[in-house]
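Structure record follows, encoded as C-alpha cells.
Letters A, B, C and D mark the chains as written, and numbering starts fresh at 1 in each.
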Amino acid sequence: MNTEHQNLRLIASCPDRIGILAKVATFIAGKGGNITEANQYEDVRTQTFFMRYGFKLPGAAPELESFKGDFAAVADEFEMDWRISNIDYRQRVVFLVSKFDHCLAYLLHRWKVGDLKIDIPCVISNHETLRDLVEWYGIPYHHVPVPKEVEAKQLAFGKTAGIIEAAKPDTIVLARYMQIFPSWLCETYRHQVINIHHSFLPSFLGAKPYHQADERGVKLIGATCHYVTEDLDQGPIIEQDVTRVRHSDSIEEMMRLGKDVENVVLARGLRYHLEDRVIVHGNKTILFID
Amino acid sequence: MNTEHQNLRLIASCPDRIGILAKVATFIAGKGGNITEANQYEDVRTQTFFMRYGFKLPGAAPELESFKGDFAAVADEFEMDWRISNIDYRQRVVFLVSKFDHCLAYLLHRWKVGDLKIDIPCVISNHETLRDLVEWYGIPYHHVPVPKEVEAKQLAFGKTAGIIEAAKPDTIVLARYMQIFPSWLCETYRHQVINIHHSFLPSFLGAKPYHQADERGVKLIGATCHYVTEDLDQGPIIEQDVTRVRHSDSIEEMMRLGKDVENVVLARGLRYHLEDRVIVHGNKTILFID
Amino acid sequence: MNTEHQNLRLIASCPDRIGILAKVATFIAGKGGNITEANQYEDVRTQTFFMRYGFKLPGAAPELESFKGDFAAVADEFEMDWRISNIDYRQRVVFLVSKFDHCLAYLLHRWKVGDLKIDIPCVISNHETLRDLVEWYGIPYHHVPVPKEVEAKQLAFGKTAGIIEAAKPDTIVLARYMQIFPSWLCETYRHQVINIHHSFLPSFLGAKPYHQADERGVKLIGATCHYVTEDLDQGPIIEQDVTRVRHSDSIEEMMRLGKDVENVVLARGLRYHLEDRVIVHGNKTILFID
Amino acid sequence: MNTEHQNLRLIASCPDRIGILAKVATFIAGKGGNITEANQYEDVRTQTFFMRYGFKLPGAAPELESFKGDFAAVADEFEMDWRISNIDYRQRVVFLVSKFDHCLAYLLHRWKVGDLKIDIPCVISNHETLRDLVEWYGIPYHHVPVPKEVEAKQLAFGKTAGIIEAAKPDTIVLARYMQIFPSWLCETYRHQVINIHHSFLPSFLGAKPYHQADERGVKLIGATCHYVTEDLDQGPIIEQDVTRVRHSDSIEEMMRLGKDVENVVLARGLRYHLEDRVIVHGNKTILFID
C-alpha cells in the first residue's frame, strides 16, 4: 500500500459557466485526490468564477507532474488562469526594512517559534540599525543605503534587486521599508510584494500618516496590508484594521498604539498570501477565509 | 427557450470520503444546475464532511421534485443528512417577547424596509406592553400571560404552543422572551428556535447577566445568539459579540449599551440561520460565511 | 432644611496656568456645590486647558443666577470661554432626514423608551417618505421639497430655516439628510448641527461613499459623526466606527451592514454632544469620556 | 530662577464629601504645583470618592518630603487612603514565565525600543526554555524548577520568593507562568502581581481555556489581565479583549490567534498599572483612562 501523498492547492479563475466545479472536482477525484478545502466565488459583475481547492493527491512528484499535464486540458477548456502549489512548501520570503523594527521583530519571533512557516534567505535594509536583531535570529543582513540623489538611488536599487534575485524569493515583504519601491521591481515581482502602510487607506496616503491623522482629528487609526504596485499606496488591499485613539494621545502615543495594529494586520495579510487565500481581481482582492 | 429557473440551496453532511464533491457537483451540473455558491468543511476529529451549495436549477416545481428524487440515490450512497431549500422562499418566523422591545423593534424595522425577507404570522408575548408597536406594523399580537404556578404555567405554554402551531412557523425567535421555553417545545422545533442571551456565554448564564457582569467587574459585555435546547443557555452558539464598558457605567448604562450588541448579534444570527449558513454539529455550529 | 438642588455642568477652556483647578473647585465648594464628575485636559501644543465639571448646587434658579454672576469674575481672571448647563434640562432637537430612515427610526425608538432624554419639536424632510413613521411617534412632520434650481433651492432653505427657528432647537441632527446644509445656517447654529456621514472620514467624502468603498476594495467600512461646517464633510469629528466587509458583499449588502454602524455612531455622537462631553478645539474635538 | 521640578502623581480614595477636590487642588496650587492630569470618580453605591492627579511640583527631593508631610494633614481630614508616586521613576518589574514566550518576547521588545519604561532586574522561570531569549536582552535568568511533590514545591517557591525579594520589585508579572502563585506571595505583594489569563474571564477558568472554548463552540476567544489573589483567576480585572474564531480553527489555531490578544491585553494592563491608572475597589478596578 502506498500511503505517500502530497498536500496541494489549486487556485484558478475563469469566465463563469455551468459545470466548472463538477469538472474540476471530478478530475481531482479521478486522480484519487481528496478535497479537504474548497472556496468559490462568482463575481456577478464581471461574470468571473474564482476557486481555491485544497486536496491530498496520492503519490509523489511524478504523479504531480502528470496531474498538472492532464489538468491543463481541463483548464484550457474553461479558459482558466491557474496554478497549483504545494501546501507543505516553505516559501522563501525576503524582508526589507528601515529603522522601525516592530513588524520585523514580531514576524521573526513568530517564525522562530514555528507559527510562521517560511524560509528567510535574508533581510535587506537601507540602515544598519536592525543588524543585531536580525543576526541574533541567524539571518543574513544586507545593508544597502539608499541616497537621495537620483543616479545613486538607481544604483542602490540595482544592488537591492541583485540581492533579492540571488535570494530567489517567492514573496517580498516591505516591513516598514521607508523607500518607494521602484516600478520596475513591482513589475518583476507582480503580486509578490506586500507592504504594510500605517494608515487606514485610502485615508492618509504617503508620508507621516499618523501626523495626518492627528491633524484631522480622527477617532480611530489603522493599518493596511496591500500589494505594491506602481501607484504609491494604491495597490490591491489584502487586510486592514483599526484601533481607537483619544484626544489626549500625542502623535508619539498614536505611533505606539499603531504598532500593534501594523503587526497584526501585516501578519494576517502575509498569512493569507502564503496560504493562497488572496486572489487579485482588478485592483481589489478576493479573500478566501472560510 | 425556457428561462424559468429556481434558486436552490443544498445543505448536507456525511462521513468523509473521496469524491463527494465531484459526485454532487456532477449531479447538479448533469441536471443543468449552475452552482453559484459553495462551502465545504471537513471536521477532522469526527471525519465528517459538511457542504452548502447554492445553485440555479432550470425549470419549476416538477423539475425540483424529480431532482430531489434522483438526488436521494446519491445521498444514500454517501449516507448523507441533507435538505434542499428554496432561496426565494420567505420563511415564516414567529417572535416571542416579554417587555423589552429593542430587539423586536429593530427586527420589525429591518423587516418593514425590506432588509429582512421573512413573513411574520404573529408575535406572542406574556405581556400587553408591546401590542401597540407590533400592531402598528400590521402584525397580529397574542397576549398569553405565563403565571408562576406550575399547572397554570403548563396551560399557558399549551396555549402558546397552539398559537405557534397554527402559525406554521419555519423559525421561532425568542427576542428577549423572559420565560424558560419548555423542553417539549424545544423538541418539537429542534434547531428552529433561536434565542438572544444578554451575555457573552458561557459567562453569566441565567437571570440578570448585566448584574452578574457588574458584580465581576468585567471590561467587556456581550450577547450570544444560540439555538434553544433543553439545557438553559447551553445550546449551540450561532453568533456572539461584545462592547466595552467602563467602571463608571451603572447597570442601567450597561443595559443600554448592551441593547446595541443584542440587536446586532440577534440580527446576524437570524440572518445566518435564514440563509442556511448554520449547521449544528454536536453542541457546536458550523458557520458558512464566505 | 433645604434639600432642593440643581444638577449643573460647567464647560470651560482657558490658557493654561497654575491654580485654575484649585480656584474653580474652591469656588464651587464655597457655594456649597458638590463635584460629582470632573474631566480636564491640557493641550500642550496650544497651552490650553479644558475642563468639564458636573456638580450639585443647593438651591434653585436664583442661586444659580447668583452663582453665574459670581463665577464670571473667576472666569475673567483666567480668560475663560465658559458655559453652565443644567444636566436635567431636556434639549430640544430637530431632525432633518431624506428617504433613508434607519438612523431616525433607531433614535426615535430610543427616545420613546426613555434612553434618549430629549424633546423633539419636529422632523423636517425634503421627501414625504417618512411621514407615517414620524407621526406614529406623535411628532410633527414638515415636508419641504428642495428643488435643484438655485433660486428655488434658496427659497426652500429659507422655509426650512424658518421652521427650525420656530422650533427653538438646541441641537439639529442631519440623520441622513441628503442635501448640503447651507453655510449661513451652519453659521447660525455653529457647533449645534450634527451630521452622520456614511464613511470613515476622511476617506470617501461626498456622495455615494459605499460605491467608493466598493471601488477601492477596502476591508472595513465605517461611519463618522461630525459637526457640520462650511466645508462639506470636513467638520470636527465627534465619533467614528467601522465594520468588516467581504469581497462577496455587494454594494447593497455594504449599505445594509453600514446601517448598524451609522446608527450606533450617530447615537453615540449625539449622546456625547447632549452630555456636554464634546469641546471643539480648532477642527478637532476633545471628548471627555471618563 | 529655579527650573527644577518633579513630575508626581497622587492617587487617593476617601468617603465622598463636599470640598475634597477644592482642598486637594488648592493644596497643590499652594505648593506651586501645576496640575496636568486629573481623574475623579464617585462610586455612588459605596459613597466613595477616587482621584488621580498628575502635577509638576517645583523643587527636588526635600520639597517632596515636605509636600508629603503637609499633605498628610489634608489626607487625615478626609480619611484618605493615598500615595504619591514619581512619574519619572522607572518601576522594577520581575517577570515569571514557563515555556510560552510570546508575551515575554513582546514585552521585552517593547522595553528594548523604549516603549515600556521599566527596569527588569531578572526573569524567573520553572523551565530552561527561554534563557537564550532573555539573556540576549542582557537580563539575568533564574531557572527554578517547580516539582509536583508538595514539600519540594514549597521549597521551590521559597527559592522563587527569595529571588523576587532580592530583586526588590515594584511589580511582578506572570507572563504565562503555568504555576499557581502561592497565597502567601499574593499577600506579600498585594495588588502588585499581574497575571495574563488566556480566556475572557469569568469563562474558562483554570487550565486549558482554549480547549474549553473549543468544546463550548464560542465565536470569540479572549484574554484577561488581572491582579492575582488567593482565588485562582478571580482577582480584580484590569483589562480584557477578544478576537473572532471560526469553526474551522483548530485548537492550535485558536492558541495562535489568542497570542495576539494576550500580548496586547497584558501590555495594556501593565501600562495602566505602571501609570497608576488602576485603583482596586473591592474585587473590581477603577480604570482612569482619560
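Keep this in mind: a contact is a pair of C-beta atoms (placed from the backbone, for glycine too) under 8 Å apart; a residue touches a chain by one contact, two chains touch by 3 or more.
Computed from a predicted structure; not experimentally measured.
Peer 1: Farthest from chain D in C-alpha centre terms, which chain would that be?
Peer 2: Computed centres place B farthest from chain D.
Peer 1: Decide which interface, A-B or B-C, involves more C-beta pairs in contact, and give its chain pair.
Peer 2: Counting C-beta pairs in contact for B-C and A-B gives the edge to A-B.
Peer 1: Any idea how many Å lie between the Cα centroids of chain A and chain B?
Peer 2: Centre-to-centre distance between chain A and chain B: 37 Å.
Peer 1: Between chain A and chain C, what's the gap in Å when you average each chain's C-alpha atoms?
Peer 2: Roughly 42 Å, centre to centre.
Peer 1: Mind pulling the chain A residues that touch 2 or more other chains?
Peer 2: Counting only residues that touch two or more other chains, chain A contributes 41, 246, 248, 290.
Peer 1: If we count contacts the way the header does, which residues on chain D are in touch with chain B in the complex?
Peer 2: By the definition above, chain D touches chain B via 41, 200-204, 216-220, 222, 236-242, 246-248, 281, 283-287.
Peer 1: For chain B, which residues are in contact with chain A within the complex?
Peer 2: 16, 18-23, 25-26, 28-30, 32-42, 288, 290
Peer 1: Along chain A, where are the residues that touch chain D in the complex?
Peer 2: Touch residues, chain A against chain D: 101-102, 105-106, 109, 113, 115, 136, 246, 248, 256, 259-260, 263-264, 267, 289-290.
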